[in-house]
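Worksheet: the structure to be examined is printed underneath.
Here the chain labels run A, B, C and D in written order, and each chain numbers its own residues starting at 1.
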Amino acid sequence: MSIEERQQEIVEEFSVFGDWMEKYEYIIDLGKELPLIDEQYKTEDNLIKGCQSRVWLHADQAADGRIQFTADSDAIITKGLVALVIRALNDQTPEAIASADLHFVNDIGLSEHLSPTRSNGLASMIKQMKLYGVAYSVKDK
Amino acid sequence: MTISPADIESIRKKFPVLHQKVNGRPLVYLDNAATTQKPLSVIESLDHYYKTTNANIHRGAHHLAHQATVMFENTREKIRTFINARESAEIIFTSGTTDSINLVAQTWGRMNIQAGDEILLSHMEHHSNIVPWQMLAEEKGATIQVIPVTEQGEWQIEMIDSLLNKKTKLVAVNHVSNALGTINPVATLIEKAHAIGAKILIDAAQSVAHFATDVQKLNCDFLCFSGHKMYGPTGTGVLYGKRELLEAMPPWRGGGEMIKSVSFEKTTYNEIPHKFEAGTPHIAGVIALGAAVDFIQEMSWSEIEAHESELLLDATEQIQTMDGLRIFGTSANKTGVISFGVEGIHPYDIGTLLDKQGVAVRTGHHCTEPLWNRFGVPGSVRASFAVYTTKDEIELFVAALNKSISMLK
Amino acid sequence: MTISPADIESIRKKFPVLHQKVNGRPLVYLDNAATTQKPLSVIESLDHYYKTTNANIHRGAHHLAHQATVMFENTREKIRTFINARESAEIIFTSGTTDSINLVAQTWGRMNIQAGDEILLSHMEHHSNIVPWQMLAEEKGATIQVIPVTEQGEWQIEMIDSLLNKKTKLVAVNHVSNALGTINPVATLIEKAHAIGAKILIDAAQSVAHFATDVQKLNCDFLCFSGHKMYGPTGTGVLYGKRELLEAMPPWRGGGEMIKSVSFEKTTYNEIPHKFEAGTPHIAGVIALGAAVDFIQEMSWSEIEAHESELLLDATEQIQTMDGLRIFGTSANKTGVISFGVEGIHPYDIGTLLDKQGVAVRTGHHCTEPLWNRFGVPGSVRASFAVYTTKDEIELFVAALNKSISMLK
Amino acid sequence: MSIEERQQEIVEEFSVFGDWMEKYEYIIDLGKELPLIDEQYKTEDNLIKGCQSRVWLHADQAADGRIQFTADSDAIITKGLVALVIRALNDQTPEAIASADLHFVNDIGLSEHLSPTRSNGLASMIKQMKLYGVAYSVKDK
C-alpha cells in the first residue's frame, strides 16, 4: 500500500467516530499498542524534545531499501499519534517518505497536534522522519 | 464573607470570552495563573482610547497628547494606591514581571553585586525570577543560594537563617508560587533579609490579583507584577521600588523620555519614574490597566479571598481522593491553584483530554523546572481559579478529570 | 499614481479618532511622526482577541492557547513578508524601537564592542538611537563618531569615507529622520560599512509606514521599528536581525520562554526568536500589529508615497513663503514631515495656538536635541502626515498657522 | 486686595471672552507687557526648566515683609500666564502665598497649562513661588 492509500485508510477509520472522545479513545488504544522501541535506541540522540512530551524515534533500512521506524513517547496520546504516522510511513522507500504529504492528520481533525506550538514533539518527529527519507535516498545513490 | 452565586454571575457577564463553547462543550477556563481574562471595562478602555484619544504622551502640547498623558499618569496613581506605595514616582511601568525583574538585575544588580556575593532565591521560583539572577551571578562571579522546599510545597523555614549571611546581597522570591499556589511568608523573610543588610525583591505576579498588597507594610525593596495576570492587558507590568534605591540605580534602556538632556558630549538622565521608561510606553495598555485596578477594587478583598479559597477547598476535596492522584502543594496557605499528577499518566494526556471536554488547564513545568526536579516529576496538571470561576465549573472540571483518567488508565 | 480624494475619504472612515472636534474645531491630526492613529481593523483585532481568544501562548495544550499562539505566530510571518526577511525566526518582537535598539546594544554591543572601538551615528539621530550607544561606549571605553548634517538636513556624504575606519565596529542610523523627514541614503552607507567590516543597524521607526522596506535588498544587519508608528498598537516593536548574528548574541532578558531548560546548575537557552522573547509578550498587541500590516498592504506603496509627497509639496509651498518662517530639512528626499520655526516666536506658542484651532502638531526637540544644537535653535514646530491626511487638512493647518503667527508677531 | 479678590478680578476679566482665540490674544498681550526680569536675575539658579519653554523667577521681600516677584519666559504664552499668576500673588504676605489656592487658572479654563505634563514650567513656577512663601514665613519667625 502506498502512503496515500494508508492515509485514506486512516481517514476512513476515523470517519466512524461520532465525537472527540471516541477519536481519542482510539488514539489512546493505538498508543497502548505501539511496539516499544528497543531500549538501546532510547538514547539522547534519538530523542525529539517537545516542551511537554518527549518522543524517541529510531530508523532502520531493510535490505530492500525501505525504512522501518520504531518510536516511543512518554505521553500516550502523543504515542498514539506517533503510531498513526508510523503506520503511514513505515516500510516505504526513502524517496516516498521524503516527499510524502501527510494530509491525514489534518483530515481527521488533529492538525493542532502538528503545530510546532503544541510542544508535543510530533511535528519535529515528522520532520525527522522525512530527513531520514532524504538521507537514505541520497545514500542509496 | 463570600460572593453570592448571583454576584459571580454578574461578574461573569463582564467577561465575554467565558461565554463560548470549546470543542462543543462550554468553556471552563482554569488557566488563570497563566493569564486572566479581561472584563469589558478593560477591553472598552482600550477601544475608547484608540477611538477617541490616541496620542503620544508627555511631550505633546496638543489636546489629545494632554488627555493621553493625564490618563496614563492616572493609572500610575491608581497603582500607587493599589499597592500603597508612598508616591507615584516609585511606580515604573514595564512590559511585564519578567521585564521588571530584569530591570532590577541589570541595574541595581550590576551596580551592587560583586564577586563572592550571594543571591538567595527559593526552589519554587518562576524561571523569570531565576534566569536573570543566574545571568547576573555568572557575569559577576556571585553565587545563587536556594531556599529548599518541603514535601508540602513550602519554604523550609528553618533553613533560612543559615542561608542568610553577610555575603547575601539580595533575596528574590515570589509571594505566591505559580506552580503550587503556596502563599509564602514573605513578611518574615523581608525582615530577616533586612536584618543582615540585604535587599529583597518580591515577585508578586501571582498575588496582586488575589489578596491585598501593601508595600509599605511589607517593607520590601522591590515588587514586580504583570498586568495580564490581574485582569489587565498584555504587555503591561509594574516595578515598584523604594525611591532611594531607584534614584541610585543607573538607567537600563536608553532613549527618549528617560533623559533630561542629550548631547554627544554629555547626556543627563531624567528623574524617576521617567528615568526607567525609555521610549514610547504601552500607553493604551497602561490606561486599561487602570480599568483593571478599578475592576478589582469594586470588589472587596475579603470577598475575593473567601470565594477563591472556597473553590480551592471544593476542588481539593473532590480530586484528592482520586486513585493515584497526587496534589503538589498542600500548604494551608494557598491561593486558588491546584497542581497535580496521576500515577502512570503523563500530564499532557490529561490536559489534552480535559481540553476536548472544554476544560482549559495548563500542563507541563509551568516555568518552574527546578521545582519539578525536586519533586522528581517532569511537571503537573495545573488548574487555577479567578474571581469569575464558579462551583459549577469545578464540578465540570472534576467530572472531565474523572473521565480523562478512566480513559487513560 | 496618487490616491483619489474619494479613496482617502474611505480610508478616513476607518479611523474613528479623526472624526471629532478639538477645542470646538474639527481635529486636524498632524502629529503622525509621534504616533499614527489606528484603523478599526486594528482596534477590532484587539477587541476580538480579548473577547474570544485571550490565553497565554506557546506553552499551553488547550484550545485557546493554541489559537492565540497561531495568531501570534501569524503576525511574525506577516512581518517577515512585510520587510522581506529570509525567515520568520529573524523577527523578534519587542516593546518598541527603543527596546529593540537597547537589545542590540546590550547583547551584540556588549559582546563585540571593546575599548578603542568606534560607533558611528549621525547628527540627526533620535535619542533612542544615541543614548543606548553612549551608555555602551561609556561602559566599554569606545567612542561615538558622528556623521555631520548639512544646512539642508542631509548627511554630509563626503565625510563618510573618512569617518569609517578599521576601528568602526557598528554604524547605527535612521532611515528617515523623525525631526526633518529626510530619507537618508542608507543603502550606500550599508555597503560602505560592510566594506570595512562593520555591522549596521537601521532605525526604521519613521520609514516602515511610508515606503517599502526590504532587508535582504538593503542587506542591513539589524532593523528596528515600532508598531505604534505604523498604524499598530502601542507596546509593540520589532527587531530584525540576521540569523547568524542573532544566534551568536547572548540573551538579554532572562525568564520564561527564552530557555530550553533551567536548573540551578545549568540553564540552556532557546533558539531564536524565542531566546530574545522572555516572559509573556504583548500577545494582543502583536496580533493586532498583523492587522496593521494588512491595512498597509491593502494599499500600494506607490499610492501611499505619491499621496504623502503631494501633501508635503502642497504644505511646503504654502508655508515656505511666510514671513520669517524657516523650514528645517529641505532635502529633495523626504517623507511627509515639515519641521519649521518662525523668527522671534517660540515653537511652543505656535503649537499652543494651533491646538486651540484644532490642529495637533508637535513642538520642541522631538528627541533629537543634538540636531537642534547644530541648527542653533531649541527645537521646531513639526507637522507630519499619514496616509489619511487630506489636502483640506493642509489648508486648515496653513490658515491656522497664519492666524497664529499674526497673533504672536 | 487679597489673593482671592485678585483671582476673582481675573476670572471676571476672562468672562467677557467669547472664544479661545480671544482669551489667548489677551494672554499674549499680557506676555508682551510683563516687566522683564532684571537681567542679573536671569541665572541658571532662577531657571525653572520645562521641557518646552523656560521660566525665570526671582523673588524679593519688601520692607513690609511682602514678596515681590519678577519673571520671564522664552515663550510668550507662558509669559502671559506667568503674568497672571504674578498679578495674583505679588505683594502679598509670605503666609498668604504659601497657603494660596490658585483656582483662577482652572476657572478661566486654562488648567491644562498647570498639568506637569504640559512641560511649560508654569506648574513648577507656582510650586516655586509657594516655596518662597514658606521660606520667607519661616525666616520671619
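What we mean here is this: a residue touches a chain if its C-beta (ideal position, glycine included) is under 8 Å from a C-beta of that chain, and two chains touch if they have at least 3 such contacts.
Everything numeric in this text was worked out from a predicted model, so none of it was measured.
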For this session: Using the contact definition stated above, find the chains touching both chain A and chain D.
Result: B, C
For this session: Could you compare the number of C-beta pairs in contact for C-D with that for A-C and name the larger?
Result: C-D
Problem set entry | Distance from chain B to chain A - Cα centre to Cα centre, in angstrom | 39
Problem set entry | Centre distance in Å when chain A and chain C are each reduced to the mean of their C-alpha atoms | 46
Problem set entry | Length of the line joining the C-alpha centres of chain B and chain C, rounded to whole Å | 31
Problem set entry | Touching two or more other chains - residues of chain D | 51-52, 119-120
Problem set entry | Sites on chain C at which at least two other chains make contact | 23, 59, 61, 348, 352, 363-364
For this session: Write out the stretch or stretches of chain A touching chain C in their complex.
Result: 51-52, 112, 115, 117-120
Exercise. In the complex formed with chain C, which residues of chain D make contact?
Worked result: 19-21, 24-25, 28, 51-53, 74-78, 119-120
For this session: Enumerate the contact residues on chain B facing chain A in the complex.
Result: 23-24, 345-349, 352-353, 356-357, 363-364, 378-379, 403, 407-408
Problem set entry | chain B residues within the chain C interface of the complex | 16-17, 20, 22-23, 27, 29, 31, 34-35, 37-38, 42-43, 46-47, 50-56, 59-65, 95-99, 101-102, 105-106, 126-128, 130-135, 144, 146, 226, 228, 233-236, 251-259, 261-264, 267, 278-285, 348, 351-352, 354-355, 359-364, 366-367, 369-370, 373
Exercise. In their shared complex, at which residues does chain B touch chain D?
Worked result: 57-59, 61, 63, 66, 69-70, 73
